[in-house]
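Everything below concerns the one structure shown next.
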Amino acid sequence: MDAGWIKKVLEDVGSGRLSVAEALSRLKNLPFEDLGWATLDQHRTLRQGYPEIIFGQGKTAPEIIGIMSGLIEAGDNVLVTRLGPETASLVCGKFPEAKYHERARCLTLIRGTNKIAGRGKIMIISAGTSDQPIAEEALVTAGFLGHETDYLQDVGVAGLHRLLSRMDRLADASVFIVVAGMEGALPSVVGGLVDKPVIAVPTSVGYGASFRGVAALLGMLNSCASGVCVVNIDNGFGAAYAAALINRL
Amino acid sequence: MDAGWIKKVLEDVGSGRLSVAEALSRLKNLPFEDLGWATLDQHRTLRQGYPEIIFGQGKTAPEIIGIMSGLIEAGDNVLVTRLGPETASLVCGKFPEAKYHERARCLTLIRGTNKIAGRGKIMIISAGTSDQPIAEEALVTAGFLGHETDYLQDVGVAGLHRLLSRMDRLADASVFIVVAGMEGALPSVVGGLVDKPVIAVPTSVGYGASFRGVAALLGMLNSCASGVCVVNIDNGFGAAYAAALINRL
Amino acid sequence: MDAGWIKKVLEDVGSGRLSVAEALSRLKNLPFEDLGWATLDQHRTLRQGYPEIIFGQGKTAPEIIGIMSGLIEAGDNVLVTRLGPETASLVCGKFPEAKYHERARCLTLIRGTNKIAGRGKIMIISAGTSDQPIAEEALVTAGFLGHETDYLQDVGVAGLHRLLSRMDRLADASVFIVVAGMEGALPSVVGGLVDKPVIAVPTSVGYGASFRGVAALLGMLNSCASGVCVVNIDNGFGAAYAAALINRL
Amino acid sequence: MDAGWIKKVLEDVGSGRLSVAEALSRLKNLPFEDLGWATLDQHRTLRQGYPEIIFGQGKTAPEIIGIMSGLIEAGDNVLVTRLGPETASLVCGKFPEAKYHERARCLTLIRGTNKIAGRGKIMIISAGTSDQPIAEEALVTAGFLGHETDYLQDVGVAGLHRLLSRMDRLADASVFIVVAGMEGALPSVVGGLVDKPVIAVPTSVGYGASFRGVAALLGMLNSCASGVCVVNIDNGFGAAYAAALINRL
Amino acid sequence: MDAGWIKKVLEDVGSGRLSVAEALSRLKNLPFEDLGWATLDQHRTLRQGYPEIIFGQGKTAPEIIGIMSGLIEAGDNVLVTRLGPETASLVCGKFPEAKYHERARCLTLIRGTNKIAGRGKIMIISAGTSDQPIAEEALVTAGFLGHETDYLQDVGVAGLHRLLSRMDRLADASVFIVVAGMEGALPSVVGGLVDKPVIAVPTSVGYGASFRGVAALLGMLNSCASGVCVVNIDNGFGAAYAAALINRL
Amino acid sequence: MDAGWIKKVLEDVGSGRLSVAEALSRLKNLPFEDLGWATLDQHRTLRQGYPEIIFGQGKTAPEIIGIMSGLIEAGDNVLVTRLGPETASLVCGKFPEAKYHERARCLTLIRGTNKIAGRGKIMIISAGTSDQPIAEEALVTAGFLGHETDYLQDVGVAGLHRLLSRMDRLADASVFIVVAGMEGALPSVVGGLVDKPVIAVPTSVGYGASFRGVAALLGMLNSCASGVCVVNIDNGFGAAYAAALINRL
Amino acid sequence: MDAGWIKKVLEDVGSGRLSVAEALSRLKNLPFEDLGWATLDQHRTLRQGYPEIIFGQGKTAPEIIGIMSGLIEAGDNVLVTRLGPETASLVCGKFPEAKYHERARCLTLIRGTNKIAGRGKIMIISAGTSDQPIAEEALVTAGFLGHETDYLQDVGVAGLHRLLSRMDRLADASVFIVVAGMEGALPSVVGGLVDKPVIAVPTSVGYGASFRGVAALLGMLNSCASGVCVVNIDNGFGAAYAAALINRL
Amino acid sequence: MDAGWIKKVLEDVGSGRLSVAEALSRLKNLPFEDLGWATLDQHRTLRQGYPEIIFGQGKTAPEIIGIMSGLIEAGDNVLVTRLGPETASLVCGKFPEAKYHERARCLTLIRGTNKIAGRGKIMIISAGTSDQPIAEEALVTAGFLGHETDYLQDVGVAGLHRLLSRMDRLADASVFIVVAGMEGALPSVVGGLVDKPVIAVPTSVGYGASFRGVAALLGMLNSCASGVCVVNIDNGFGAAYAAALINRL
């Protein structure tokens, strides 16, 4: 609700410049979004403290360049996720200051300062080397959203000592993103070691009866550790977004 | 948006009884629903030409009696779906004018006249004798919603002549509800014979690899006859509701 | 039943040119289709008010050109669905008056006038930008079948204000086709806002646990809004065909 | 059991050249296959009335040529199934008298006469044009195995009159192979019209919730017509082999 | 097509008692079923050489008694399948000459003689003791339909010698019904030993990952032995019906 | 690591009472848990700020009473989840100060004060009346863990105005638990309206193709709203536990 | 192969009492099992070092008593698995020396000594208290088969220190049976800690998306630890049998 | 635990160079891995009797060459699994002494001697020719791990005599790896013939309802032969690794 506009109407009624009937008609025909949804839009604007994010998959380089140009004109930073190297190379040709994170398949273009300090550190943990692309999508996203991050790789449950020897770094984080394929057991183990929220990301890593991530997804949903939440298979971005909302509290 | 209330505010501003600031504050704090959602509610009221319907499953007799009492006081007719015979018997003890349709597992209580004439006839067709409860739930619902109905039973595709010998009755209907379990093939056959909308209802009838209606559901979704739509397994009520919306056009 | 042929037989019997035994034998050996199926065929011809439609997927350009030639000779308009751009380009080379709808992956060739006015407007609503190809297949099909259409894009449930601010356009339609991937929630929301039939089209848009449209399909089948029917995943054509049958009533 | 060898042992015992203990020891150590499995092998040889069949999928042209050479030397006819056109072309270059059935993706090489007359006719029926490759695999196989065949195409259940107008040809067959994708309803309809064994072949034709033939498979397993048996998805060869065993009885 | 009725019309035309126009009108209005479906009905009557069969599951004793009374009056024998012992006991109270086959959960009442001699013997083979109820449903059904049967129990693939030691009995049969739960491997083994049609019946016997017969069903559909067909889980009746059609050839 | 014990060893070495070799051997044989896991246990103890929770399902009243007695002796408060009314009644007979929350199927016994103030409010939102048991399990758990809660019931997406009219209460919460069965669309809508973490709880409410919560689960995993995490079907406790970890940050 | 019988034949040939032709004929007609399967049977007898085991599920007390009587007469020990307490009580009434293991749902009756010493110890590990019945089925079975066992309970991965503090006992075993429901992660962790074979047993413990053990099963099949094998859901017996075969090597 | 380092601390305490408090502090801050995980690492080193193995899938030639160089420098032998021919060719260009096993898709480089003699022979059995790649992956792996192997190919259950005629070779092995696609029945048959552990490997061989190995996997999990364990689909390496652990006992 644009208070200024309504105030003007009321003042005109008060001063007699506008009849009551005319004022009523203007208020009644006020487009829906200008009235009822003002609150919502303010909510959304607030959240736009998080700059716009582009889902790159299935988009052509010209399409991405077009959307990016609009955002850049508006003074926003840009994150493009799920972007293949060929398209990225075309986009970077247009925006030389953009940075392509190859393993994460993400592109960032930071012009302004988007540092909204989170309260603590977001720790990303990956089970195997094949889980790294998803883990790094989370890493790049969390950083882009203005959060400090830590990254622990290749600490799968079949070699527990690799994880346990980093208990000090675990103790130092506020939110955990745990990325694992195959049996997806790592979030349960991490959830048993820490007393912070754990967001589990199943990956489509594996073969045969992993069913492209379903085994890991089910494992995580059935975690015996309390406090573990799950996002979609390979959804590193979504996990980082949720972690950012948590860490911003 | 209650125009009277707003008009009063505007008049008070016009007459100087209310300051602009005060008026603005009142408008701003106007409860959300009173502004933006008026339109929606009018839409819903319009639809309430269809009287209230109670989903009986999992509700106790006292709970159902309570809801029914409210509706009856408001002058509405009542339809209760998915109601077992024991609960129905208790409810009928309280409302002797109610009628329990045993095979359909529905209860109706018609006091006023709820006849909103549809444009044509809704024809319900069932494949086997075991599909009758769902077919009759559709039958009772469509009648309750004020539509003329026809009912063709036990005309499964393994005995085509039973269906084909009723081509005249098929030609007479405006919308079709076709109820089938097992392989769920009947809607495809009906869809090939008529040029009217067909709503397919898979039932959980069958055993083994019917997977409680999944085989029929998939069969119907993959129908080779154009113009076949599908509702949830055993959802005779939903099919009748959709048919009523179509026939009311 | 070819009345002329039978009449000739009867006349020959009447005039004594044909014995009763001979006439009986001819009638008995009358091919099945010429007798019993006449009614059916008349039904089908009636429906042929809707011109012939070609499913392009898996067909070569020469095959499509061949079928089209036959239809065009018969004076029919042509719609080809699921047609890739390469094949389309070959077909258009042969029929320059054909029009290829790239995003919808459809080709139309309108020579005669196929306007069978529907009673109202068919509104197509899509949840996200990736759902547009399926939505536009529905759009092109509904138009081809002679119906007025409206098209509302990119109004997914995570940004409700986009949908709610178009309540006026929603109020103006007779049948709804709602196209959504991912969680497939949009038909439930639309079904709660309108009192007209809603045909839900799940799309294979999404990744991971969307299982190429299964998540959206299940969401739609379990819609909490009454009056929602569902067609197969990505079946924009089928939805439009059903909507046309409904709107033609 | 090599009777000659055993006879020799017995004669040696009879003549005293071999002690009973020694003979016993020889019999005990007789290799398993030479004894017990003779019967089985005779059974298999009997069945070899059906010439050898090669599953072409995943085999290279040289591999197929190698196997074929062996069979041809032994005087056998050859059938290769699931053979792509490129490989087929290489194989035909080597064996000019071979015939490649492109739509069936089969290659046959008939030198001797393999006509083992069946008792009746095997009728193959296909629901849609896309089901033809599988139907024709069955057709070629049944012919190769020495059976008379009939073939009815494109008689899906959404246009029943196409099937019903061929009741005379249906009446003429001994075994039915019914091939259908999508909802897989055709075998139920055929099973209701005839009193002969029906072998249903689901095909992977369809999209979305057809799940590459699963919908058709489930539909056929749940057929409401008694006497319908089912083979694996796209298994035209298997259906023809079973039909041949039935027709040979 | 009632030839008498048509002949009368023709004669009346020939004699001038009926005008051509009037005769044409009568023929045109001839009810569909009296014309086109005569052939079909004759087919069905032919098949009625197999007496009526009642699916007992979900039917009450009075319902079954009612249907049976009708059949018995018509001089038919009766088979009721899937009949629990309590209901059976009530039915037998009414028809003392009926026989209840407890393990097969079938009831038969043989008054006339229903012996339509098959060409050979139908052999039923069961893998484990828990598969016996389904195997015996097949046994009772095949006998009821007038076929000679043999029954080999408890010859699962983990103890091959039990099956192999009965090669002589295997050699003696014309059609095989092989019933197995768990991994469902027995039909493949039997199919490799015989050169006759094999109908595989998966049972819901097993636990855990047998998924109530799905493991056995998939095993049978993927049988490496050619000539194996499959029916629905636990469908002993259907297997026997199909076997009877095959053996009757 | 028991510092006292090690200190004693070191002192003995320092004083010469213990040789270096002997000390080394003692340290080497130190039981694993006494060394390496000290840190872990301290972590766990810290978390025990959250009192012990008992999963009641499948436990008998005596078993529950036994565990509770131990906790009460240790001065802890008690929460038992998934407890049926009969067992609860027996447990309450033993501990009259316990409180049974019937709809939530939870029992609490609060003796000490377990108020660890969270930073904000945890809001629980349920879609339908049948989702209330799970929502209230979350409600009771969150309260038990020392968090302020708010509860919004029966605001499913088919009646959006019910949710939208409570935007003020939504604006007031720090973490959201959204509970929904059927199509599970509510978390997407809530996630689009707020800028706080949303934990989605699918329930097994629904029938047919809801597959006991799978449809809702898939819908939530594929939510188009960023920042939505998911827990197991019907896991109200787990959602509350995760929300508590988030709100405690 | 009955050596005595064959020896007699040979002697008769040697002594001239039997002609070679006659002897040959007798040998040829020797029943299959008496010849070819001797080897197999000797193999089986060897394995009968493991006494007979009865699968109790679905068997009545009289049936079990009957089988047991036969075994006991033959001097065998008896193990009955999957035996409910009611049936067990009836069986124990008949055989007072039998012992019922209530949690394992097994009954043993040890008369002779069945101690075939294994090479090492079989260690059974269970993740949660609800997994104990399956773990104890394995425990009782392994003991019955003559192996030394160790049992570690309630050491799920969410509390790793419970497992790690027993490294000494882990080091002491030759084969591991790891029993877990929910996410089934424990075998991966154990497999990473030991260098011995690990047999994983998924249990049907869990709810919601555990799908009665499927989540655990998939987790185990996708274990990131090499050397983990899996048996069917809840198959404690099978795991113990396999472990016994391994330990007997 | 680095005994040297600790010994130094103790000696310094013993000699008074270090105070008890200082020593205690050093021990307390000792990195976790240096203390608690020593035992584990020794376990792992022990197992490293099995040289390092590289999972080649998804790795580039330079990545593999890099890892191999490190291992070779350390004096280890090398096994790379799941390596395509193109990558293999590049790797072999770098390491001419490496050997590529094309059908097994494995590369080995044996420099030292890695013969840790197993107790017996590991027998690999494959059902069909298409299963050979997986069988040979197991063969190469088992050999690489220092075990004697035997290999029986193409002995599927539809031709039992092929397996049964090699009973002597079966009798000679200590552990069995049975590889089968399609219905996966071979492990049950082998398990019934031998009294040794059987590791079943389902392959993704098949089509249609084999669901890329799921049918075989389920068949094996439900094997009616006791003592059969299962690994993931196509996991020949894992089966060999488990067999090696068993045979090493």
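Each chain carries a letter (A, B, C, D, E, F, G and H) given by its place in the written order, and its residues are counted from 1.
Going forward, a contact is a pair of C-beta atoms (placed from the backbone, for glycine too) under 8 Å apart; a residue touches a chain by one contact, two chains touch by 3 or more.
All values reported here derive from a predicted model rather than from experimental measurement.
Touching subunit F and subunit H at once are the following chains: A, G.
If you compare A-G with B-E, the chain pair joined by more contacting C-beta pairs is A-G. Rounded to whole angstrom, the centroid-to-centroid distance between subunit A and subunit F, based on C-alpha atoms, equals 25 Å. Between the CA-based centres of subunit C and subunit F the separation comes to 51 Å, rounded to the whole angstrom.
Note on chain placement: the centre of subunit A and the centre of subunit D lie 56 Å apart, centres being C-alpha means. Chain contacts: subunit C has residues 32, 36-37, 39-40, 159-160, 164, 167, 193, 208-210, 214, 217, 221-222, 226, 232-233 touching two or more partner chains. The full set of touching chain pairs reads A-B, A-C, A-F, A-G, A-H, B-C, B-D, B-E, B-F, C-D, C-E, C-F, D-E, D-G, D-H, E-G, E-H, F-G, F-H, G-H.
Taken in their complex, subunit A has these residues touching subunit C: 31-33, 36-37, 40-41, 44, 57-58, 202, 204, 213-214, 217, 232-235.
Remark: subunit H residues 1, 3, 6-7, 10-11, 13-14, 16, 19-20, 23-24, 27-28, 32, 35-37, 39 touch subunit F in the complex.
Residues of subunit H touching subunit E in their complex: 127-128, 156-160, 164, 182-185, 188-189, 191-193, 206, 208-211, 214-216, 218-226.
Those residues of subunit C that touch subunit A in the complex are listed here as 130, 159-161, 164-165, 167, 207-210. Partner subunit H is touched in their complex by these residues of subunit G: 36, 39-40, 43, 46-47, 53, 119-120, 164, 167, 171, 174-175, 193-197, 199, 217, 221-222, 226-233, 237-238, 241-242, 244-247, 249.
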